[in-house]
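See below for the structure under consideration.
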Amino acid sequence: MYVVRPVEARDVPLLEALATASTPGVHTLPRTRKTIERAVERSLASFSAAPEMPSEEAYFFVMEGPDETIAGTAAISATAGATGTFFAFRHDVLSQVSRDLNISHHVDALSLCSDLTSYSQLSGFHLCDRRAVGGAALLSRARLLFAAVAPQRFSDKFFASMSGMTDTNGRSPFWEALGRKFFGMDFLEAERMIEGARNRTLIVELMPHYPVYVPLLPNEAQAALGQVHAEAELPFRILSAEGFEPDKYVDIFDGGPVLRAHRNALRSFSASTLRRAYAGDADNAGAETWMIATAREENFRALLVQCRIVELSGEIILPQAVLRKLELSEGEFVLCVKS
Amino acid sequence: MLVVRAIREGDLEGLLELATQVGPGMTTLKPDRAALGRRIEIACASFAETIAPAQRDYVFVMEDTARNRLAGVSAIKSAVGLDEPFYNYRLGTLVHSSNELKIFSRMDTLYLSNDLTGCAELCSLFLHPDYRTGSNGKLLSKCRFLFIAQFPHLFPEKLIAEMRGFQRSDGTSPFWDSLGRHFFKMDFSRADDLTSLGQKSFIAELMPRHPLYVAYLPQEAQDVIGRVHVDTAPARHLLEQEGMHYEGYVDIFDAGPVLQARVIELRAVRESEMATVDDLSGDVAGVPCLVATNSMQQFRIIATDAFPEQGRIGLDDSHQALLGIHAGDPVRTMALNPKKILHA
Amino acid sequence: MYVVRPVEARDVPLLEALATASTPGVHTLPRTRKTIERAVERSLASFSAAPEMPSEEAYFFVMEGPDETIAGTAAISATAGATGTFFAFRHDVLSQVSRDLNISHHVDALSLCSDLTSYSQLSGFHLCDRRAVGGAALLSRARLLFAAVAPQRFSDKFFASMSGMTDTNGRSPFWEALGRKFFGMDFLEAERMIEGARNRTLIVELMPHYPVYVPLLPNEAQAALGQVHAEAELPFRILSAEGFEPDKYVDIFDGGPVLRAHRNALRSFSASTLRRAYAGDADNAGAETWMIATAREENFRALLVQCRIVELSGEIILPQAVLRKLELSEGEFVLCVKS
Amino acid sequence: MLVVRAIREGDLEGLLELATQVGPGMTTLKPDRAALGRRIEIACASFAETIAPAQRDYVFVMEDTARNRLAGVSAIKSAVGLDEPFYNYRLGTLVHSSNELKIFSRMDTLYLSNDLTGCAELCSLFLHPDYRTGSNGKLLSKCRFLFIAQFPHLFPEKLIAEMRGFQRSDGTSPFWDSLGRHFFKMDFSRADDLTSLGQKSFIAELMPRHPLYVAYLPQEAQDVIGRVHVDTAPARHLLEQEGMHYEGYVDIFDAGPVLQARVIELRAVRESEMATVDDLSGDVAGVPCLVATNSMQQFRIIATDAFPEQGRIGLDDSHQALLGIHAGDPVRTMALNPKKILHA
């Protein structure tokens, strides 16, 4: 049974071991002991804070496998910009018209923008154990269930930037056509220097302030625009099912798509229900898989369970083992959404 | 004997014949009788000073007096861009730097601009192939600088000349292929045709209006920005001798350079001198000189060896006749070639 | 009883008379015999066309008063750009950061954009008879009921540009600060020359292509940004109640707000129901005001009626006089939405 | 007797004393011993040619040899903007025209640019109030042009000088109030202080980056673009005499003009001449001239009446001593004042 819970200080050594095994450039995970420690500390401080408005908080979750090892990580920031400004390219359509030649056409252009700064940002999704694929959706969506439990900690708009196309050497055709001209370094080197962040001042110092005309990009870069990395297909599918949509924003470094949603469009918000949990051996005839999360902000837990929910009842009957995993007493509230 | 002079009403047939020799690529000199007739009319009104200075178009013809035939043509438009917008790209610099990453990049940038609006323009230079010898090309091109030196008050602060840009041996343009083509779905020759119909401004409406980093273009296109067509290199050299230089303005289609100069910095304005004509018989050692009359409507200019000194210049009867002057008359003169290229 | 119906050729003389009485600069109505005739012809052609996709169609409606005079007009275009490009200012927030001075701020800027080109556009709302204010909502919303009846004729996104602030002399502070610099003429003169259109090539020829920094505008122009003209407050309220919202677009001439909505957010779409209409003297106890429109594309009619609707029934009982006004036979479908 | 010469290590005390007289507004000449010490070190390395040409900072001092005291200072930086981005606004033109409405508007536009990156800059001119008489100011300013004429190969193509912009009588700037202030919530003097700490580039990060139509600004601000502070008008005039001119680049804060020239077009480069020194006793009628040594490390220059002709120049013992030369040595010389302003 997989359980998603907030990261704890004792997780640092395991996280460090896992970071070295992941594909560079694809994940926005911290990679060194120091940055991992910083991320964990920040998460602990965020969970214990009681913000009136979303601000600098960053919540870091881990998924425990049946053997209590860490099977994956996922994070969510209260605001993408935190103390800075979050940059993305907005894919605009510019109109060019010549009446006398009777020609009119539209030119695609990418403009550096800070539109997403105040959004809450999903990041750091990483499934360490490939066998844990059954828990992938739990890992990704648990963050949103937490947001549904504690909406005052988050914006009402969310996004997740999907890793863009790179080749097996970590070379990004989009970066070659754009970022390299301004940074003068490899994609992976740039990602390492900037630690995956998109809210740093050096972005405004180095990236172009004028629209980038898409037709001027090499074909290879145009083809990569808005395309997800093979390793990001799973999170892309999960978030799409949750209600996210790619529209007009792409990542400034690798051109990967930014998925956006208003919380009203997300199943964790619009299709979840609050119920009182009781222990029992429920009738499993016609059981479905449900995602169940504690309705409390501290000591948050989420997991998957097979059960049958009675529509008009305000209750849910869960096995005693599940209640124990969730650290729940009978009669406490849980948030339930169909998996 | 060759003389360059202000064009006259009667030159239409001769000009038309010249124009048939021009071939494609020169938009202002098509063998179109009506258009050339209108142009001569404006030119005559310009020399007669019956139209405002900014509207003038001074057209000069080179006449072979022995054969009573026109050998070439050149012109100065007093001001460009006052009726139709005059577009160029301007090459500028933007620095992107980050102390944190120790990055300092100096990026070339293209700006779509109308900065040259109102400048005077050298244009329509064409010398008949039969006459492409000796100093004829220099006379036909440089006559315009002496004209400006004679009447500087009629010209704006700046003078420009658009040079044909680099083309591959098959006539295609690497700059067009990398930039214009994406915004204007047609090939270079069709775009060129449209401009020759004077429709340049409409095309510019379709070009990208935001500043463009040159680094976005393929290397081949970057390399030809400001480079002239191989056939245009000698013409560029002549203009540079006279003080014109490339300052980063280029053609929006082929990135050919615009040469420019402040009128007061032209060699002709700095170095040409007034002299009084003396009769001369027999040969005298001299240096190649341009000698021009002081009159606007009767502007005439020749290239000849002479030795102007202390405000006097000796010219024999035939040269006086070419210029339509006599001993005692004033002329403006300047060495045909600059003494040296300064620190070049 | 007010009835909204498509304009007819016979309406031209009356429309001409009404046009001269309306406030200049506030309405996008045709004003001359010739332009009125053109608009009517275009509307007739649009109603009789059977477009597969929204294109150049423009539908022109009139509201008849009890005495069969014209009490108001309203229009809707299938696509705002028609054969051209519809221009608006997008109100962007640009981010300026200086890390070393530790200063970061946001600058508002207006960018000429063509984002709204493919939207369907509401326009030409004009209540000629001030006593007809009770029919104002009918007049405005009937266009959307028609769109709900014939959705294939329209985009799934709609907008309406509200007239911006002008003083009693028709002077627009926003125009003075911007448009005048490029057009070199008065606001009313410009509106007359361009006939209220925002999809003409001359806009791209004359208006600025670079962002206009809002702080550089005179205070008076900044104050007018996004503000509606007093005469537009009524349509503003009606459309707001229908589900429209002002967000980040403003008119390029007078800075008035552009209201936008996805059709799913509009009551005419989401809260309307299709019912069979039958004649009868319905029980009027607990009656409410309903807007009723014919469910047919040709010979469209819409009106208001007091009646009581039975929730789970697929029928509606209407007075015989109403059926007659709607030119309906018993058992035919109508679209009903609460007023 | 006054001579201008290359600065030396031993000039620190004198320079510091001068700097205390400067007052606010000159960012490169603050009375800061450590900073001035570093500057002298770089200047000495520049004259000794032990650092690369682009890094050099040639500082000249005017010495009163009788009183063994420094009377003034001036400098040439070899290249600006190579360590920190160098920002200006550039005034350009965009034409908006519509045939249909018969509108043709020519709009001035400001572009934030780093175009002047790499240009040499005249800077740090200060003359002690006790010496503000006669030709001293001209000598101190123009010495730099003769230095450039002597060593043109060490300089880039362009030379610039930033002029202080217009201020109201209360010291406020109409341009700042209309533009910078909106993007940078502080007053002009605070912004000016920050730039004097060399933090200009950070401020520029906050300025609008997209092209700006000048017409957006209030008339008062439009009117001062390219206008100098009233106290700076004489300095501007001196530089313009030498061939420098305003080409549309202005300061991002106060819109003061940047004067610029192509080095090969400077009067000193065109007109200065080499001459051999002859002994002279007694007065000779002459014209005010600048006379400079040919040495870089021992560069010395004076202003005196002289009559250079045919490659010879007569100088008396005292002037030879000031320059540290003897009869038979070569010097570079040029008339202190231009013969006439060309067509101005």
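Residue numbering begins at 1 within each chain, and the chains themselves are lettered A, B, C and D in the order written.
In this section, contacts are C-beta pairs under 8 Å (C-beta built on N, C-alpha and C of every residue); 3 or more make two chains touch, one makes a residue touch a chain.
The chain lineup, named per UniProt: A, B, C, D = Arginine N-succinyltransferase.
Worth saying up front: this structure is predicted, and the values here are computed from it rather than measured.
Visitor: Just grab the chain with the largest centre-to-centre distance to chain D, centres being mean Cα coordinates.
Guide: C
Visitor: In terms of C-beta pairs in contact, which of A-D and C-D ranks higher?
Guide: C-D
Visitor: Measure off the straight-line distance from the CA centroid of chain A to the CA centroid of chain D, and report it in whole Å.
Guide: 56
Visitor: List the centre-to-centre spacing of chain A and chain C in whole Å, with centres computed as mean CA coordinates.
Guide: The computed centroid separation for chain A versus chain C comes out at 40 Å.
Visitor: As a quick test, compute the distance in whole Å between the mean CA positions of chain C and chain D.
Guide: 62
Visitor: Which integer distance in Å separates the CA centroid of chain B from that of chain D?
Guide: One centre to the other, that is 34 Å.
Visitor: If a residue has to touch 2 or more other chains to count, which residues of chain D qualify?
Guide: Answer for chain D, listing residues that touch two or more other chains: 97, 100, 205, 210-211.
Visitor: By the touch rule stated above, which residues of chain A touch at least two different other chains?
Guide: Where chain A meets two or more other chains at a single residue, that happens at 96-100, 201-202, 204-205, 210.
Visitor: Which of the residues in chain B come into contact with chain C in the complex?
Guide: Listed in rising order, the residues are 99-100, 205, 209-210.
Visitor: Would you tell me which residues of chain C are touching chain B in their complex?
Guide: Residues of chain C touching chain B: 99-100, 204-205, 209-210.
Visitor: Please name which positions on chain B make contact with chain D in the complex.
Guide: Residue positions touching the partner: 81-86, 90, 92-95, 97, 104, 106, 111, 113-118, 152-153, 201, 211, 245, 262-265, 269-270, 342-344.
Visitor: Show which residues of chain D lie in contact with chain C when the two form their complex.
Guide: Per the touch definition, chain D meets chain C at residues 96-98, 100-101, 103, 105, 107, 178-179, 182-185, 194, 199, 202-203, 205-208, 210-213, 215-217.
Visitor: Where on chain A is chain B touching in the complex?
Guide: Residues of chain A touching chain B: 96-101, 103, 105, 107, 109, 177, 181-184, 193, 201-202, 205-208, 210-213, 215-217.
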